[in-house]
Amino acid sequence: MIPLSHYLLVSAVLFGLGTVGVLISRNLITILMSVELMLNAANLALISFARWHADPGAHVFVFIIFVVAAAEAAVGLSLVIAIFRRKNTVDVDELNILKG
Amino acid sequence: MDFAVFWIAAGVAGAAAINLIFQSKPINSVLSLVVVLFALAVLYLQLSAEFIAALQIIIYAGAIMVLFLFVVMLLNLNQDQFGSNRKPGLRSFGVLIGGTLIIEISLIARAFVSSSPTDGQVVAAEFGSVAQVGRLLFGEYLLPFELTSILLLIAVAGALVLAGKREEAQPPEERS
Amino acid sequence: MDSTILTFLIFWPLITAGVLTLVRSDRHDAIRIYALVATLLEFVASLYLLFAFETGAGYQFVARWVWSDALGVSYQVGIDGISLFLVLLTTFLTVISVWASFAGIKERVKGYFIAFLVLEAGMVGTFCATDLFLFYVFWELMLLPMYFLIGIWGGVNRIYATIKFVLYTITGSLFMLVAIIYTANVVHQHTGVWTFDLMVWSQFDIPAAQQLWLFLAFALAFAIKVPLFPFHTWLPDAHVQAPTAGSIILAGVLLKMGTYGFLRFAIPLFPAAFLDALPYLVVLSVIGIIYGALVAMVQKDIKSLVAYSSVSHLGFVMLGMCALNTIGFTGSLLQQLNHGLSTGALFLLVGIIYERRHTRLIADYGGLFKVVPVYGVFFMITMLSSVGLPGTNGFVGEFLILLGAFRSQTIAAVFGTAGIVLAAGYMLWMFQRVFFGKVTNPENDRVTDMTLRERAVMVPLIVMIFVIGLYPKPFLERMEPALQRVLSRVEQVRIVREQALTPTLFVGPAAVPVTNEPEEDIRP
Amino acid sequence: MLNTIWLIPVFPLIGFMINGLFGRRLTRYGSGVLGCLTVFASFILSLLAMLFLGEGPHRFTLAEWIVAGRFTVSFGFLLDHLSAVMAVTVSGVAFLIHVYSTGYMAQDERFSRYFAYLNLFVFFMLVLVLADNFLLLYMGWEGVGLCSYLLIGFWFQKDSAANAGKKAFIVNRIGDFGFALGIMLIFWKFGSVYFPEVFAAAPEMFVPGDTLVTAICLLLFLGATGKSAQIPLYVWLPDAMEGPTPVSALIHAATMVTAGVYMVARCSVLFALSPTALLVVAIIGAATALFAATMATVQNDIKRVLAYSTISQLGYMFLACGVAAFSAAIFHLMTHAFFKALLFLGAGSVIHALHHEQDLRHMGGLRKYLPATFLTFGVATLAISGFPGLAGFVSKDEILWSSFASPLGGVAFWVVGVLTAGLTAFYMFRLFFLAFYGKSRFSEETATKVHESPMSMTGPLVILGILSFVGGWIGWPKVLGGGNSFEHYLAPVFAAAEELLPHGVNHAHSTEFLLMGLSVGIALLGFIWAYRWYLRGSTAPENLKNKFPAVYRLVQNKYYIDEFYHLVIVRPIVGGSRWLWKYFDELVIDGSVNGLAAFVRQLGQAGAQPQNGYFRGYAATFALGSVAVLAWLIYVLS
């Protein structure tokens, strides 16, 4: 039996890598994918805890996260397309109209 | 055996994730992410979450990633067409932050584990099966489950509005 | 009638401003005439106050509607001898300013007059409100149109000036707001009712320990508005940049808000703290008198000279308040009117010449008396009123202030009297440089004399200057009872507090027998 | 009848209003006649009032003025022997000068404005002398100052005139500063500002020598030094000669400048209570008399000589007040009004004839060109020099005698007075000889144009000449067989003051004769001196000038007092104010306000720095935040 901590470690690594991806990537699509990576890391943690506590409720949550991830990918990618249409780029460094 | 599977899967996932974030071509990143998803599906199976593992392959790797792939193709972003990096410091800073985060989360995870009394539990064979999760979904969690459909509906509408063709000519708000 | 007249006076300008928004904005003449008629009607209506006013009775024309029972906020207006003439001054000067801006304002005419009407509503409301909350609402309401008047129709450097003006004022008024809420809370703790009613508050003795800070918060708001040295630096900027009519109202009415605030709120609500702060206020007023006069002397711009002279004059007003006797108080209140009239008239005159020459620098003028004799005479009379020549209004006010102050603040009065000498210095010097000598700049030869409209605007001001100068009695006698009430409130505190002996200078065996004013006794 | 006294000042006011408002529509003739007639009406009314006055003072209150608290003051008029004398003198001399002005100012384009100002002046002056309270007096006092300002600066296009007007007003204001404080002190002490009340209460309220009464008197006297051009505030009067000459005659010689003397005489009761104040008055008066006389000896401008002479004569009057010879002061005030007005008008006639030439060095030999002026001027010169029998002799002699004989006087005062008398004779005859005798020092061209002035100007000269001759006889001293009826006439006014003062020992008639003879002798000496130096064409003055150049320069430049004031008072005030404005106002106050604003702005800018719109920046901040939160969590958990 593999200890819980191993799974959690993998989850942490994946989450951290996702974060790094969000931070260092300049491509909007890669950033979105890094976010997916972070969601997956969270999913892994949920599944491991579910197994640990023998509670399948967490599976439902993961299921819902899938739905959210799908929605997020759909909306996020539409945004990417919209932005690309306007600016002809998906470089986040070109997008600074949030400036306060 | 278990350990070997675990380490292989974990190693593949980690390597693919690293490849994901450091690839300059989005298409490669997408493919790396698919690899990560498959590796994670193996881990899910190991954790006796069959239903989720199946969903992971079918929906995530099958549907969502195709969406990504489609957009990447659509926008033809294969070449690295970006200008010079405006925030050169952010690259190492991001790695640093990510590293710290990994260490911190691991520490917390360890704290959890060390406070847990037992090392794993025996679960029923039914655990994580389609039937069991399905019962939960249509029983105890019916309302959230139905709500997800609304969420998806909204997402579809949003995606259509955002990415759909504009009939009326919008003034192109060019900000050099 | 009596209970609605004030409400009418407050809301009439707002209603007319609302109607004005419907007029097409390019019909300039119609808009001007409309605004003039509206303010004239307001002025005529306000004259009713003068005739129906009962000398000696407390608040009159009182109206009250509860706004919110839970908060204790109500719409409550009323005037007494203190606010009567300030309301009249407001309506009077508004007519003058509106008429005076007929020629000067050529752009965004509609907005200008709307701002003016709203301003008038705010000013009248501020003087009439007897509920602290309502007062604060009007106090801030007044700020907005003034902000626009300077910021849109002002001079070159108007943005700086208007932001400075607003920030100064807001800083003060926020302190005041905190103090108002705190005081309401104190009153609530002791009486169990939430109320902002001034009548209730003035009956209530706020604990001495809290008075000082509350007083200081109120005093800061009012001192900035007065402006008392050293809070005066917004004034020259605002005046220089403001359009003519804005300057008239700013000097004529807005500065009076500060002194009015002291008389109406800060002193009667916190008499003990006022007594504590008295020496400092005296020193600041005297510095203001001398400092304002000195700095005025070396100004290069006529408007900023007049602005600094306002600092000096308002110093007198404050000194009169600090005299703490009937003579000083009445002088102080009368001087508020006087300053409104004569400084308003001065700004008007500066505006008239500015419209012709587009400069306000003293150095650009010279020898005008020959070119525009009528203008020169008007200017001279106004100037003489400003330096306090006997026979003009300025003298009555300043003399009463100094006479009052001489009794209780002898040294301050001596310095104040020296301020009168300096006043003659800066005004005459300026007058000489502008009007005397030869015409050195050929542009000045082409200046035309005052038009019929401009003369008609000035004449009422000149008439009032002499009326108050020669027969101030009807003004003074209406003011006095209200001021007595404020005074007696301070005196109560003082008598309780002051067991020890006071001045020796005036106390002799043959001191004048006590007349019917106990608060002015020469105490043993 | 006496209740109409308020009309005395009102007539000129009406004249002022009509001339001021509608002057341009009146003809010159109309303006002039209106101006003269209104003043003449006042003169007649004053004469009538004097006749009907009888024994006691009469008060009439027209209306209330200011009522505030315990302070009340009204437009009240007081007619007693003193104000009657003053009103008659003022309106009489003013009338003559108005008539004279119609000729003198005939060519001026602002003729009606001139008469408006002159009428306004007469109004304020009559208010001043007829007021029954300090505040109304103060109103007249400031009012005449205003008119003086307006009339000195009448030719405002000349910078010197505009400057002189301003200087006069401001220096007067400095005096008024003291006066105003004096009034305030009086009010708080007596509870009233009405003359009768104050003067009735004063003797009971104070013991003689009380500090407070001394303070009151000195403050009032400060006002008097301003208005009457005494040390240290005399500097404005010589400059005031920039105004039209009739103005100099009326305002700066005959009437306004004597207001200070009138005021001190009016407050005789208060001054009598304070020997210190009287001593100060006497010293200032004597010092001014001598000081100004020395400056008069070297001036070359005909009007400036007369101006310093006026200051000097005013000094005499204050000397008289200081030794409590109030009636002598008023007497001299009256005779001085006659002969000094005459001197100025004569000088005006000369200036008019020479087309605005005022320099004595460019005159000479005018005797034959201007006979009427010459004759009347001669009478006035004799009168001011104290030629026995003329008005000036009588009044000056009375002052000199009082300064010797009064218990408050002394030999020193007498010596200074006599010395001044000698100097007066000297400089007046110097002027007289330089202007009217000797060779003409003006160009041939001018000589052909020189002409005697019109009747409107010579008429007043003649009348004033007669008055300068006989005006003194109403006060003919007892010792010379007269009745000194003037002193008797004024006696009731000064009775209260007399009672408070120590009574002097009776001096022998022989002493009085001796002193009179001495003073006449010294005046004669002055005359001879001037005669030898300036008529006989001696080189002595030149020699003296060359011998003591420093002294000459010092006196010629009026002892550099103007420069001294400028350096010590005006410059520091203006410079200091500029410093205050630039450094304190703009740098310290505005600097701190703007500095605060700048600080807040910078704080905001610093805070806005990360909000640069770059998505990754926000993300990094967010990530950093989660790292921090987790770190804190770990710290808490462990």
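So that you can tell them apart, the chains are marked A, B, C and D in the order they are listed, and the count of residues begins at 1 in each.
By our rule, a residue touches a chain if its C-beta (ideal position, glycine included) is under 8 Å from a C-beta of that chain, and two chains touch if they have at least 3 such contacts.
Since the model is a prediction, treat every value here as computed from it, not as a measurement.
Here B-D and A-B were compared by C-beta pairs in contact; the pair with more is A-B. Chain geometry summary: the mean Cα position of chain B and that of chain D are 102 Å apart.
Averaging C-alpha coordinates per chain places the centre of chain A 5 Å away from that of chain B.
Distance between chain A and chain D, defined via averaged C-alpha coordinates, is recorded as 97 Å. Centre-to-centre separation between chain A and chain C, using Cα means, comes to 66 Å. Shown for chain A are the residues that touch two or more other chains, namely 19, 22-23, 26, 93, 97. Contact of a single residue of chain D with at least two other chains is seen at positions 614, 616, 620, 623. The set of chain C residues touching two or more other chains is empty. Contact between chains, using the touch rule, shows up for A-B, A-D, B-D, C-D.
Taken together, the chain C residues at the contact with chain D in this complex read 164, 167-168, 230, 232-233, 291, 294-295, 297-299, 325-327, 330-331, 367, 369-370, 384, 389-391, 395-396, 399-400, 402-404, 406-407, 413-414, 417-418, 420-421, 424-425, 428-429, 432, 435-438, 470-473, 476-477, 480, 505-506, 508, 510, 512, 515, 517, 520.
Chain D contributes residues 614, 616-617, 620, 623-624, 626-627, 630-631, 633-634, 637-638 to its touches with chain B in the complex. Contact residues of chain A toward chain D in the complex are 19, 22-23, 26, 92-93, 95-100. Only residues 63-71, 135, 138-139, 141-143, 146, 149, 153, 156-159, 161-163, 165-166, 169-170, 173-174, 176-177, 180-181, 184-185, 187-191, 201, 204-205, 212, 573-574, 576-578, 580-581, 585, 589-590, 593, 597 of chain D touch chain C when the two sit together in their complex. Residues of chain B that touch chain D in their complex: 86-87, 90, 93-94, 97-98, 100-101, 104-105, 107-108, 111.
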